[in-house]
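Encoded as structure tokens, here's the structure I'll be asking about.
By letter and in written order, the chains are A, B, C and D; residue numbering begins at 1 in each of them.
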Amino acid sequence: MEEPPQTTPPDQHRLREIELDVRTQDVEINMGPQHPATHGVLRVLLRADGEILVGAESHLGYLHRCAEKIGENVDYIQYMPYTDRYDYLSSMNNNLSYSLAVEKLLGVEVPKRGQYLRTILAELNRIASHLVAVGTYGIDIGAFTPFFYALREREFLLDLFEKICGARLTYSYIRPGGVMNDAPAGWLNKVAEFCDIFDQKWPEYWNLLVQNKIFIERTANVGVMPAQTAIDWGCTGPMLRGSGVDWDLRRDQPYLVYDQLDFKVIVGEGYRGTLGDCFDRNFVRMYEMLESIKMVRQCLAAIEEGEVSHPDVSLTIRPAPGEAYVGIENPRGELGHYVVSDGTKIAKRMRCRAPSFVNLSVVEHTLPGCMLADAAAIIGATDIVIGETDR
Amino acid sequence: MGLLTEKFDDNVLTTRVDWLLNWARLSSIWPMTFGLACCAIEMMAVGASRFDIDRFGAGAFRATPRQADLMIVAGTVNFKMGERVKRLYDQMPSPKYVIAMGACATGGGPYYKFGYTVMKGVDRIIPVDVYIAGCPPRPEALLEGLMLLQEKIRRQKVLRAPQLEEKPKAPSLV
Amino acid sequence: MEAPKRDTAWGPMEVHFQAAREAHAALQEAGLEVELHQPNLPIFAEEGEAKRLAKKKADEPHEWRGDAFLLLKDRERLLEALSLIREQLAFQQIVDVTAVDFDAEDSVLWGVYQVLSLTKKARLTLKVHLPKDDCRVASAVSVYPGADWHERESGEMYGITYEGHPDPRNILLPDDWVGYPLRKDYEFPEEYHGISCV
Amino acid sequence: MKPLTIIASALPEAPVSEAAAPQGNGLTEMLAGWLPESVPFWGLTLMASGLAFGVIMAFVSVVAMFSTWLERKVAGHIQIRLGPMRVGGWHGWAQAIADGVKLLIKEDIILASADRPLFKLAPALVLGTAISTFVVLPFAPGVMIADVHLGIFFVIAISSVTTIGVIMAGWGSNNKWSVYGAMREAAQVASYEIPLGLSLMPPVIYYGSFSLLEATQAQSGWFGMHWYILDPSVMLVSVPSFVLFFVATLAETKRAPFDLPESESELVAGFHTEYSGIRFSFFFMEEYAAMFVMSAIATVLWFGGWNFLGLAALEGIPVLYTTACMLVFIVKSMLLVFVMMWVRWTLPRLRIDQVMILGYKYLTPLCLIVVFAASLLEYLRFVLSN
């Protein structure tokens, strides 16, 4: 078993003093909670020797919203809006994970059309989330423009979501027992249209940002995380796949209709620089968007008319006692809901296993040895959502 | 301008100067790059292509509070963050404005009842100029909030003596 | 290895049950006292059952549905069990460490460990009972480094002491927070630093 | 033109101290014509200097304001937005005025823990040096504050004083991010001074003069299109030297991809993190003034200064001719400023070690090669023409 990586080599400071015969002192810099590169209210306490970081410590909790406590106090349907607000960039996936966990306790399976709609929306939401991730990563690196290009396509997606459920960001569309309502007339054609548009736009980001020489210089070989470290620390999603581990819950523990879809799991391959660096994580996100488009197209071809919700599930839910954990592949990794029921209409435990929380825990071990500017690059490549890390 | 502020009576000159100063202030509201939660994503959308808050002169997002005029409290404020929000507000140079964006910043939102660490409205620590409803508000709502703020600034009196009551002082956090 | 068959809309079930049975046997063989708990209701409900359940009175007896789990009797031997699970049974990744306070009247909390095997493509849940008056358990960080922040979180939320944790500070709550919020008997605070909480 | 001998002949003839005094004395003479005889010469000089300062100050303000507006519009359109549209009416033309007035009446915060003298002096020093570089720019025939013989040298020397101001600001702010910004600025500017200076050598060798006025006059041939960069006989060095100069300029003026001293996503706002209101606007103005000056230098040395096709035909009408020349000069410079903005909104930012590597390992050797090639070319031209 591998030793956990050291945060700060304790003797490094002394060693440097001896080597150079100069008395130096590390600078302690407080990055955040209001800092443009921390994607919200993360606070990282950096210890730096000039431009080189020698230590880092993450401080969380600036957005702790007690969602788990609320889950133990409100009933199952009332809890839906809170799942939206965990990872507010991919609410559909949060809804999905929660709904699947409750359905596992209920023992009901959603009709086929509902499953296809869920898959389409989860994948579209993955694209929307990755677009923000890639765009804001550009900002972290110093390129502002790709962000606006990414948000342009995202607005198209948000329009689609708005058409189907009325909200731009917090959908509560996928709910226990099925989905809120069937897709309005012509909606699926709009989705097909989006797929065509996105195929044309994708090379724009690729050329503008990812293929840029400066971008490659800034991200390749930065924040390298070996596969073993990623597994040990429980990283999931693009963080894990960026390190070259071939693991995707959609393929390896298939839920919904993913077993009937033909898609490739994108794994980092050290296309530029070392395997497992920031470039690879971004690379995985870029190509996952194309895979999602592929999946959406297959779903559109396969979807058929029918019911979208299970007739047995109403607004009052009293699942059988028991406990259920369902982990699904969120854009950021494995999002799991662990629900403990005692047979009443209020759950006994509503645990959310947040991928950002786990992925972030390894960042403070990756930072030492990097440069100050790399801190922004590494935190950006982790793609955290603070609503989820703090819950 | 501190010397001249609020020292004069109404007359033609002061009203015209007031008009100019207010026009400058309302035309160039620089918000702080400061997102807290879900609403911050909509705030980003407001800055982006479709809504483009820059059209109204409020698009120069400044990362440092020293150069910002407007703090958009976009999201849930909890006690741990509230301390920082208060400090950031104190760091901003006056005249400064606050928009409480969304239900959480306005009054705790969905976390009102069981959110033990959630502050029930950011107005408990800093004075708020404009409240925007929604969870999260649509970008259009934020634009409307900005325009309401502009209206509010337009009515302000800079050189002339104040006739409105002072804002109630917010309690200190620490 | 092939992807496991999709049994249900929420993913494969049989492979997890299988893993739980295997782990139960292996842990018992190693001399650890472990109970295997398996649901006694079928995976899928009968037609109309959900409707019937929704109208059911609280005091009627229930059957049990959901995941299987292992209950480790002796919490002192948790690390032994976890390293066995990691080394022999190839559950490489820790997914989640959390706790459950099932009822305010209960004398115990449940410590819950979710692990995942990337090779077997299966999950496993291990539970220990922690008495509320002596709420401590060995930290899993030495076996699974990824348990670090999870333990900090459930430590502050439930007041569990993870013995041997490298950095047992509060992670989400402020350092001076009073009480353990996720316990069922938690009383909501009246005010914090002069700000009213209601 | 006397190739190869100029550097030797130019230096002893025009030491900086003498050259810095008003040369043509056009303004002084004009004032002398208007004012009574009793006004002494030093009084006239003082008045002329004051007037010149006023004119420059106004010009810098206008340029900076226009550039901020342009920057926001350029950024907007590159980012498929519109940029300012409402303030003042047509395409938000009054946006920069509103920004300026607002910053003027903003609260001026000086930290209790700041080093007050440094903190207060820094913005003034920065803006002052940026303004003084305008003194030597030849806007049009006769429109030039001072024809310094060592004009190019003067600009390079003075513009690097800005660095001291930035370091003062960073250190005086008592903020760690600011110190980081200041240190980066120091390292970056010190490194890029070398390629910047060297890349100016090919045109200097070509014109045989350090004077910006002479450089402009030398490019007036071919009906106003005999620009250095268009001269086929030296294109081999003029184009690379311009590219090198442009890259070094981006670093010198702290523009992306070299905007490390104020890199927003890393250092919050870098050295001016703690500055608010009018003092911040000084830094703001300095940035755009420096961009304009550097673009103007490039215009003079590579793009023919005020010369343009057929402009000489207007020479009979002095007012029109001067205005047209000024217009040509300013438009050319603003086009280069636009290119700098274009670059900024396109490229990501380099890391500090990459900036250093680029400066020392690539730009400096390339500049040396180009200077060598330019000298060789000039020698060949000299040999061939005789």
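One rule holds for everything that comes next: a contact is a pair of C-beta atoms (placed from the backbone, for glycine too) under 8 Å apart; a residue touches a chain by one contact, two chains touch by 3 or more.
This is a predicted model, so every value here is computed, not measured.
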Chain whose Cα mean lies nearest the overall Cα mean: A
Farthest chain from chain C by C-alpha centroid distance is chain D
What whole-Å value do you get for the distance between chain A and chain B if each is reduced to the mean of its CA atoms? 31
If you average the Cα atoms of chain B and of chain D to get two centres, how far apart are those centres in Å? 38
Just the number, please: Cα centre separation of chain A and chain C in whole Å. 23
What is the distance, in whole Å, between the centres of chain A and chain D, each centre taken as the mean of its C-alpha atoms? 46
Scan chain C for residues touching two or more other chains and write them down. 173-174, 181, 186
Which residue numbers or ranges of chain D touch two or more of the other chains? 79-81, 264, 268
For chain B, give me the residues that contact two or more of the other chains. 33, 48-49, 63, 80, 114, 116-117
Which chain pairs touch, all of them: A-B, A-C, A-D, B-C, B-D
Would you tell me which residues of chain B are touching chain C in their complex? 79-80, 82-83, 114, 116-117, 119-120, 124-125, 171-174
Of all residues in chain C, which touch chain A in the complex? 3-6, 8-12, 39, 41-45, 47-51, 53-54, 56, 58, 62-67, 69, 86-87, 92-96, 98, 100-103, 112, 114, 116, 118, 121, 123, 125, 141, 143-150, 153, 157, 170-174, 181-182, 184, 186
Within the complex, which stretch of chain B touches chain D? 1-2, 20-21, 23-25, 27-28, 33, 48-49, 52, 54-57, 59-60, 62-64, 66-67, 69, 91, 93-95, 158
Inside the complex, what are the residues of chain A that reach chain D? 27, 29, 35-37, 50-51, 138-145, 148-149, 152, 208-209, 212, 214-215, 217-218, 371-376
Chain A residues touching chain C - in the complex, by the definition given at the top: 1, 4, 60-61, 64, 66, 68-69, 72, 100-101, 103-110, 115, 177, 231-235, 245, 247, 249, 251-256, 258-259, 310, 312-314, 316-327, 334, 336, 338, 340-345, 348-349, 351, 353, 357-358, 360-361, 390-391
